[in-house]
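The chains carry the letters A, B, C and D, assigned in the order they are written, with residues numbered from 1 in each.
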Amino acid sequence: MRTVQPRPLPMRLLRARPGGILPILAILAVLLVLVALRQPDFLAPPSLMSFLGRSAPVILLAAGQYFVIVSGEFDLSVGSLVTAQVVVAARLIDSDPSRTWPVVALLLVGGALVGLVNGLITTRLRVPSFITTLGMFLILVGAVYLWSDGAPKGGLSEEFRRYGRRAFEDVPVLGRVPYALLVLLVLVALAVLLMRSDFGRTLVAVGDNPRTAELSGVRVWRTRTIAFVLSGLAAAVAAILLGGYSGVSFQAGVGLEFGAITAVVLGGVALGGGRGSVVGAMLGALTLELLFALMNFYGVSGALRSTVQGAIILLAVAVSATRNASRQGET
Amino acid sequence: MSDPRPVPLLALRGIGKSFLGVRVLHGVDLDLAPGEVHAVVGENGAGKSTLMKIVSGAYAPDDGTVEFAGEARVFRGPRDAQRAGIGIIHQEFNLLPERTVAENVYLGHEPVRRGLVDRREMVRRTGQLLASIGETALPADTPVGRLGVAQQQVVEIAKALALDARLLIMDEPTAALADHEVELLYGLVRRLQERGIGLLYVSHRLTEVFDLSDRITVLKDGHRVDTLWTADTTAGELVRRMVGRELSHYYPDRAGPDDLGPVRLTVRDGGNRKLRGVDLELRAGEVLGVGGLQGSGRSALARALFGVAPFTSGAVTLDGAPVRLRSPRTAIRAGIAYVTEDRKGEGILARQSVLDNALLAGRAVFAARSGRTARTGRARELLAAVEVRAAGDDQEIRFLSGGNQQKVVLARWLALDPRILLFDEPTRGIDVGAKAAIHDLVRRLAREGAAVLMISSELPELLGMSDRIVVMRDGRIAGELPAGATEEQVVALAVDATRERVQ
Amino acid sequence: MAALAAVTLLALAGCATDEPAASPSGSASAAGSGTGDQSKFFVQADYDAELALLDTAPTGPADKPWEQVLNPTMVDTAKFKKAGPHKICFSNAALNNPWRQVGFKTMQAEVEAQRSRIKEFVHVDAEGKDQKQIADINDLLGKGCDALIVSPNTTATLTPAVEAACRAGLPVVVFDRGVDTDCPVTFINPIGGYGFGHVGAEFVSQQMKPGGKVLALRILPGVDVLETRWSAAKVAFDKAKVDVVGVEFTDGDPAKTKKIVDDYLQRYGTIDGIWMDAGAVAVAAVEAFQDAGKPVPPMNGEDQLDFLKIWKDRKLNAIAPTYPTYQWRTPIIAALRILDGQQVSNPWKLPQPTITRENLDNYLDPGMPPLHYAMCGCADLPGYPQRWK
Amino acid sequence: MSVRSLLPARRPVPGVFVALALTLAIGWLVVTIDGGQLFNQSTTVSLLHVAAGLGLVAVGQTLVILGGSLDLSVAYVISLSTLVAAETMNGSDGAVLPAIGLALTVSAAVGLLNGLLVTRLRINAFIATLGVGLLLKGYLDSGYDGPAGTTAPTLVQTLGYQRVGPVPLSFLLLVVVTGAAWFALSRTRFGHHLVAVGGDPTVARLSGVRNDRVLVTAHVLCSLCAGLAGIYLASRLGSGAPRVGTEGLYDLESIAAVVIGGTALAGGRGGVVGTVGGVLLLAGIDAIFNQLEVDAFFKQVIRGAVIIAAVAVYAHRAVRKAAS
């Protein structure tokens, strides 16, 4: 026993505590080894860069979902939000490059707005976020199909698509650097800074114990609402990158919400809030993407993939849940 | 009422218990006869709750034996004790508000006929149980959530009786009750007694103790001081035995006349659901002690001042200017800090680091005021100043002892330089060393010009720390005492020793 | 521990699949070609019949393929003769993809064109749910319809409901997917999935370099129309001894498609042919090659305009077998003929044109939206082109 | 206080039935003005059929939600059950009973797995049942490429299509299952314990309830209900269908029906009768919009709004109640 003092940073990062990123790093490392065994050239810089670029939207969604989950809520609407955004963008841009930037701005505002509505309904009307965002999911999907008569119209401009699809070519050492990767890196840095900021710590505090937070002057409802807004914004950026990567389609966002939640949980974040890091969540997403690529390399039959995915999620979560429980038993 | 029988229902012999090396019970003996009401009194920290938890099987004693109905028993848990016939009625009820009285009473052992829950039988038996304790007006199929506190307590008692309890432990049963509800409880206790059920009755309210009990065991600092026949003793004598002590604890010097500053805070006729006509004045530099029983409105006062459950009537001024304290946030912005009584439930962020806990309020309310590095540095200084002991400031706070957790909470508030501090039981569940440190800190804050309001159930603490004491009862301020008042005076105000019972 | 489990699982899953690198010799044989077991949807007789139809000349007006019939076998409909105007009811499987949207708009336009003879057109959307469509059909039976058109969501599962409708005594017309019963007056569809799959697969295997690697991209498992397409393609590939290196499901998701193609390019270096069971993600597949800086191999798509456009712009070596949306006009025409007591053919096999490099320009209308289907046969209908935009 | 406690114990009619009555009344009015009929025989039959399928699943879902858990794997259990039943029967009437038994056994096994993951391994129910759902999805996707098996004709004729007046046999089955679930909740120890576990696990444990066992049982019953829904769908469709559960969105819709019916998502409050109200409300909206030929997508928007609004109303009531 001694009085408190800061301990050196490396030690803090490496301590294996519940919600830490060690387990997800271990899983990621194993997957990388498996990739290296099977497909060594995948780890060459250019293809690795492409992989990271194409994974950017999913990683961003996981980060957005993290904000909501760590504050103790759920966001099931992000997948439908991505679809809606991509379809809306195509119809508004209608292949006219000059409309690109206004539409991008509009998407960001729209994403934030959907998050705001989710957040306000959840915090002010006290509807459980599972239900709020499930309702929002149905509304968004219905509305976007309704608005576009069941088939996406218009088209995305090359300007718009560039960010999800193109790269700086002929970069020394790395080969190519996708724009999406740069966007991702900037946003990852922002997310990490945000989580280290006052707001970020307050967000985790709200997820840990909203009563304590409230009695310490935190406006819990406002903090959680902002988390939803961040999730909406992340979905908007993901939609821009995803639309850019693959073009307009109703399938753009299908199932992404479950993917994001899975990634977040895989990254060591506790459902119910208060524990886990945004880096872990994003690594969780990266791990899932790598898993899918790995299954392509190993030729796992398309139909069996969900089984592999399900089994890995259950195992990873079960292991961390029991570890957590045994630690709690110590106190 | 009755002599102790040759075979007592419960016999405790030499019960001892330690927590973390601190001895909280020393060789306590206690006998309880069937049909006897045996009161256990003592100050907070005297060991009453620990003793009751040992009897009800929640704790195992380190030394000594528990004999129940003539047999030595070792209970493996509350369920074990329940099956043996020992029921406990907690201060916080273990009831499901959405379920009916009968469903609650028989939860876990519903009467079945041919494999099915016999609702009619359940309601009938509940009715019988309720009738047997004189509660004929309480329908067994009402959801518990619709009942008043007193009736919920009746349900708790019925729940214990449904398990054929022969011994009932009542821990501060009147804490949450209004006056007329206490009357109902009296009748209830007498009828339980008539049925030959033994009662261990833990209470601070001496009136009740004298009204109900056959014998009284006084505990102090984990020792049994004495066991007295109620009929042979007086309130005065009892209070002397409870509090009679050598001054074992040093308290910091009180404020001198020069230390007192201007009036910081006034409340005129403040009221809400739990408070009525509260008038209060708090000066800079003073420690105002607030005494009273649990449920008397002490905590409600602090929570009203902090905007958690704001005053709905009356007026509050701060430094002479009227203010509306409508949320914790506005209160904090006005320079008020609140150290809550329920540290685990609303004081700490269990899974966050010591540092994050210390920075919580500053980050939330004054994020823009100072730089992050400066704030973190300040928090570290404060954590060191209050002498928090932890493996590091990144350790999760749940791994710290209660005293250290409380120090972190203090550091959180000190970082805001509050002008008014509200302490609700700041030393509850904290070891002696940490206690003294917190006392020193409180006084130092006052000396530096803060106005301090401190709630405490612990009379020596209240008397030792306060420059002035208000005592609350039934949501009102029952009276004010100057520094140097006696424990008897406080207790007399708190229990309303002079009141006439309503019949 | 979780990671360990992941390894085990992957190893297990990996072992369970064909491993072309480990058994290069086996890849040439039909069994080891990577196309897997033949689908249980494959029916040799149907396959033969459809392939024969591909070369059959249709009867009927040449400029109206939706009124043409291949090998007509007329049935008598006198008992359904009724004075108009009529109430026609339509139980639709779903409206949840562009193909069905274009088709349904075409059908609505046809109804409008026949307004004088149709007093009411009732449309119920089953939202892709078998259970709801069964209820919908039952519901429509209580509405005094003069004829019932059904586009079944699933062949097998809708059969009982269609049988019940037949028993109610009104003429039933089924189109697109069939049902396992003869009771409808007629079943309208183009040649079908075998034809579609065969045309694409034959083109790809002829155009690519011998012994090359083909990646088959499918939308979903278990959709009968798509299953027959694949089963025919499989026959063609096995016959041509093509190395099908992968059969992957894309869920119709372009992002997933690009990732799959990307990973296959990584794994095999080159892919020499792409076959797909539907055109929805054709453009995404093309883009994946472009983004990887590889030439786009011979491939097939469908008659969606975005694909036709990229085909022309990038001068792809491609083909587009179609499953024409003009078939949505035919049920209205058939129902009216039946109610007139005219003979109709059962089955009513519509021609199924293929878009090739030669006739590409005839179908590529830059004014229409990218997900429009060129083979809608809708240019003469009221509201063209605005209705389809 | 005492006055209120003297009020007769009455569980309020869940608000959903008021909403249902209003919806049907307004719907009837609008449809009639539109020149259609809402309550003719065939529409009623269709409505009740839709309600029967969703209802069976939702009643099971109610049980787990009451216990404070959740089941996202029901959609796959339904599909699995249709396949097991139809393939075992393979068109033969003699195999009906073994087939039903086998389908239910398989479903119960999935429920057991869910329950054990949630209680023993302490995996959050959301993730646990999502994971189990993925396992089943993989099996269904790789094992089946379309409808398989043939349901025995007798079962098709009875459970699938038989009706008594306007009421299909399947709806009667739902009534029976709902009755059984209601009975289990109110008249068995399991039911009492389940509501207690959902309401406050600590109180339940201190009162001697074996929380884990109760929750596992609830999960098994939930899967059994989903299995039963599968058998009904198999007899309705005439064969096993590997995607009927997911196409029908039975996972999310069943949860929606449960919360619209007034059961708290956090558990401990609600009941199966309200759930059936929720199912009927959803089916009623469906039927009305069908009559009006309203776009399916618009319907989905309305559905989303109804779900949020319903829960907001319940939440508002709870807050008011707590404040009074």
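The working rule: contacts are C-beta pairs under 8 Å (C-beta built on N, C-alpha and C of every residue); 3 or more make two chains touch, one makes a residue touch a chain.
Keep in mind that what you see is a predicted model, and the values were worked out from it rather than measured.
Both chain A and chain C are touched by D.
Comparing the chain pairs B-D and A-B, the larger number of C-beta pairs in contact belongs to A-B.
Relative to chain C, the chain whose mean Cα position lies farthest away is B. Once the centre of each chain is set as its mean CA position, chain A and chain B turn out to be 46 Å apart.
Centre-to-centre separation between chain B and chain C, using Cα means, comes to 74 Å. Between chain C and chain D the centroid-to-centroid distance comes to 34 Å (mean Cα coordinates, whole Å).
The set of chain D residues touching two or more other chains comprises 141-142, 295. Residues of chain C in contact with two or more other chains: 95, 221, 249. Touching chain pairs in this entry, ordered by label, are A-B, A-C, A-D, B-D, C-D.
Chain C makes touch with chain D in their complex at residues 39-41, 95, 122-125, 127-132, 134-136, 138-143, 154-160, 164, 221-224, 227, 249. Against chain B, the residues of chain A that register as touching in their complex are 1-7, 12, 17-19, 197-199, 201-202, 204-205, 208-209, 211-219, 274-275, 331. Residues 1-7, 9-10, 13-14, 16-20, 95-98, 100-102, 218, 221, 246-249, 251-260, 262-264, 266-267, 280-281, 283-284, 287, 291, 306, 369-372, 389 of chain C are the ones that touch chain A when the two sit in their complex.
Remark: chain D residues 117, 121-124, 126-128, 130-135, 137-139, 141-143, 252, 255-256, 259, 265-266, 295, 297-305, 307-308, 311-312, 315-316, 318-319 touch chain A in the complex. Within the complex formed with chain C, the residues of chain D that make contact are 36, 40-43, 45-47, 49-50, 53, 141-142, 144-148, 156, 160-161, 233, 236-239, 241-244, 247-248, 286-287, 290, 293, 295-296.
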